[in-house]
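Next up, some structures in structure tokens.
Below, chain A partners chain B and then partners chain C, in two separate complexes.
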Partner chain A sequence: MADFSQLREAVLTGNAPAAVAAARQALDAGVDPVELVNQAISPAMEEVGRLYEAGEYFVPELLLAARATKEVFQLIRPLLAQKDIPPAARVVLGTVQGDLHDIGKNLVGAMLEGGGFEVIDLGVNVPPEKFILAVEEKQAQIVGLSALLTTTMPAMKKTLDVFRTAGIRGRIKVMIGGAPITQSYADSIGADAYGENAAAAVAIARKLAGR
Partner chain B sequence: MSPARNDPKHVTGADRIPPAGETLPRLTIALQVADILRSLGYPREATPPARVVRSTEKILAEARPWLQPRGTYSLYAVTRQTAHSLEIGGATIAGNIGEFLHGADRIAVFMVTAGSEITRRAEACSRAGDAFAGLALDAIGSWAAEAAAEALMEQLNSQLRPGESFTMRYSPGYCGMNLRQQRTLFKLAPAKSVGISLLPSLLMQPLKSISGIVGLGPREIVGIHLSPCERCPQVGCHMRR
Partner chain C sequence: MGSAFMPTLSLNLPPGPVITDGAWGTQLQAQGLGAGECPDAWNLTHAGQVETVARAYVEAGSQVILTNTFGANRLRLAAHGLGDRTLEINRAGARISRRAAGDRVKVFASIGPTGRLLAMGETNEAELSAVFEEQARALAAEGVDALLLETFADLDEIRAAIAAAKATGLPVVASLVFDSGPARDRTMMGATPEQAAAAVIAAGADVVGANCGNGIDGFIPICRRLRAATDRPLWLKANAGLPEIVDGRAVYRTSPEYFAARTLDLIKAGATFVGGCCGTSPAFIIAIRQVLQTAKPR
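Moving on to the complex of A and B:
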């Protein structure tokens, strides 16, 4: 089995150039890109998540590690595509209509990309119809909704209602998050999952995608 | 609103309230890397990795010219006060404010902002895939708004009479003060004079803005009250005072 210690270390320390160099070296040596993901990238990101949960890592370290893995994925995604291996899933992300905050959503997007998901980020103040268009165009499996304020979180329910009316609700999984959001709120509006933080989002999205 | 309140500077003596006030188109603020690191989630006792500290220092240095700290306040005499309401300038501010503002005979309604450029830059970094820089710039904008509020308080010192002090600052969204009170504050302070507007969702534009009230009164009465944060259950909040 190939030695992935350099690549793992580069991801753990958030050193994107070193991660890309180590990945390129492994691929040049004939390592299968799937093995690279399964043996190096995924375990390293799981370790990053564990360190975050243990309070040893903080959000900046999460983001730097996610950026390193995202850049490695940019290198190997064409190779995975050649083998007909799709991304983990396509996720449409956005801050709901009326809300202009995007930092939390951006953190989730960065972590998901680092976890091998293809992320379609619609930005802030996104009306329900725009989510639907993106889901249809990109054939996304997951929609992530963000809101920061108690005054804007009702737009999540409205968005889900429009999904139901448009007939796409059964085809997608919806995860929600944001400062005022709770599991009970997610349950009350019929969302599939609630994520307390960006680190949790990857595991939740994997579960929703059935992976 | 009287025309005088749109002037860049409409200072009047306390004897002329209501309303007195001042618009400060350029506030001087001090930002420390340590504050930004706290805002990024590091507790005071944590030692962030050197690469995170270096990156944050670099981003802060780049960001300083993008900050446009400015603010305004209007000072009103309190005409009626209960534990859950305050009448100033013909308007009623509702909330769990009696405990925090007890003893204040004047209230300054203030608005400050760090400007919109810092948010534009943060969004651009995030769009370009640099989530860390986006987060750091967002944190810098938040701290700049906080620092602008502190700088405005310095200016408010001129309104204190001998033996007087301030209460803690208190903003819509704090414990016991509904966010809807934003609408009242925007009627009482000339927010437009510093380019702040209120959206239907009650968000302020620019996003890195703070609205609030602060009481002025005899030091021996107003100086001993609780911080609003002491009533808040979010004990781990990095903004806790």
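Moving on to the complex of A and C:
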């Protein structure tokens, strides 16, 4: 097995140029890109998440690490495509209707991209119908809903209700998050998963995508 | 440390703790503000309702009230299509609070963060400076007593806001949110109370503070740490805990009485300006006033 310690270290320190250089070196030496993801990138991002949970990393460190892995994924995505390996799941992301806050959603988007997901970010104040259009058009498997305000939380429930009425609920997994959101709220509206923070989003999305 | 209140503010307030106000957003919702509506725009469209909130705090005994301008920077207003109304909305907000405050109560004008992260390249220092200068100038032009920079999480962003606020010549309060990390004692970007105090004082803030957060219990150790880090006056405005959703409505479980009792602990820990953030109301201010009258701290 190849030695990925340099690549892991580059991701953990958020050093994008070093991460890309280490990844390129490994690929040039004949390392399988899937192995690179599974043996280096994913464990490194899990470690970043662990450091965040432990309070050793904060948002700036998360963003730097996510940026580094995102650049590595740009390098390996064409190689995966050549081998007919499907990309990680597509995630449609947005802040629900009536809510204009996007910091949390943007952090989740950056982390998911760092986790190898293809993220379709619909922005803020997104009506349920717009989520549905994006799911259909992009054949997305996961929808991420964000809300910062207690007053806009009910829009999450409404969005899920519209998904059900439109008949797409069974085809997608829905993950939700935001300052006032809790697991019990997620359960009460029938969401598939709740993420407490952006670092947790990658592991949750992986689980929902079944990989 | 903490022996003298207001060493750098000449506001002619009596010595001792100063009672500020409680939440505006949740009070405006009680006046009919809808989900997703721009609260700041109400300064133009529903001035009477905004003034009702301001007057309720004056009547409750607030010695300092804020303005309904927390989100009235050009970047946030632009999200509502109101970027070109920035000056009007700020000036109207300051006038409403000034009118409600009369001669006895001070008006500290609220300036919140832009909602854009420097670390993600969503904005830059030059844009932040221009945005905060515009808002600070508009508020100062209406004769407010001080500028309050509240609910910031990023030291780089609040530095830009402090520089803009200082340029008006008014006293500046710099208040951050400590709600992250396992002990909930860091900003979202990882700054400790000590790091935050040092940064905002170096940037020229006259008062150092914490607001929002995860309820008042967590504010007491944070207040103690800020007190140890600086002899500037401290500004502490906790929220009424994180809300629970009951039948589709946000319910804050902290009672005014409990909040007031803990406010007394905050004052013992060195707080100068006390009040409440999201979920608090005039009832909380009345409770704080009653507790202070009974306790007569210091």
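Throughout what follows, the second predicted complex is superposed on the first by the 211 of 211 C-alpha atoms of A that agree within 3 Å, B and C clash if a C-alpha of one lies under 4 Å from a C-alpha of the other, contacts with A are read in each partner's own complex, and residues count from 1 in each chain.
Everything below uses one rule, namely that a residue touches a chain if its C-beta (ideal position, glycine included) is under 8 Å from a C-beta of that chain, and two chains touch if they have at least 3 such contacts.
Just so you know, these numbers come straight off a predicted model, no measurement behind them.
With chain A as the common reference, chain B cannot sit beside chain C without a clash. Judged by the touch definition given at the top, the superposed model places A:Thr159 against neither chain B nor chain C. By the touch criterion defined above, A:Lys70 lies against chain B but remains apart from chain C after alignment on the C-alpha atoms of chain A.
Ranked by how many residues of chain A each touches, chain B and chain C are led by C.
With both structures placed on the common chain, the touch criterion links A:Gln141 to neither chain B nor chain C.
Looking at the shared chain after the overlay, A:Gln39 reaches neither chain B nor chain C.
In the superposition on chain A, A:Ala54 contacts chain C only, with no contact to chain B. Once the two complexes are overlaid on the shared chain, A:Pro180 sits against chain C while remaining clear of chain B. By the touch criterion defined above, A:Leu149 reaches both chain B and chain C.
Of the two partner chains placed around the shared chain by superposition, chain B is the only one that A:Gly14 touches, whereas chain C remains out of contact. When the shared chain is aligned, no partner comes close enough to touch A:Thr95: not chain B, not chain C.
Taken together, the two complexes place residues 58-61, 63, 98-103, 106-107, 110, 149-152 of chain A in contact with chain B and also with chain C. Put simply, chain C touches chain A in their complex at residues 29, 34-36, 76, 79-80, 115, 117, 119-120, 122, 180-183, 186-190, 242-243, 245, 248, 250. Within the complex formed with chain A, the residues of chain B that make contact are 40-42, 46, 48-49, 51-52, 55-56, 122-123, 126, 129-132, 134-136, 138, 179, 199-203, 205, 207.
For chain A in complex with chain C, the touching residues are 53-55, 57-61, 63, 97-103, 106-107, 110, 124-125, 149-155, 157, 179-180, 185, 188. Partner chain B is touched in their complex by these residues of chain A: 13-14, 58-61, 63-64, 66-67, 70, 98-103, 106-107, 109-110, 149-152.
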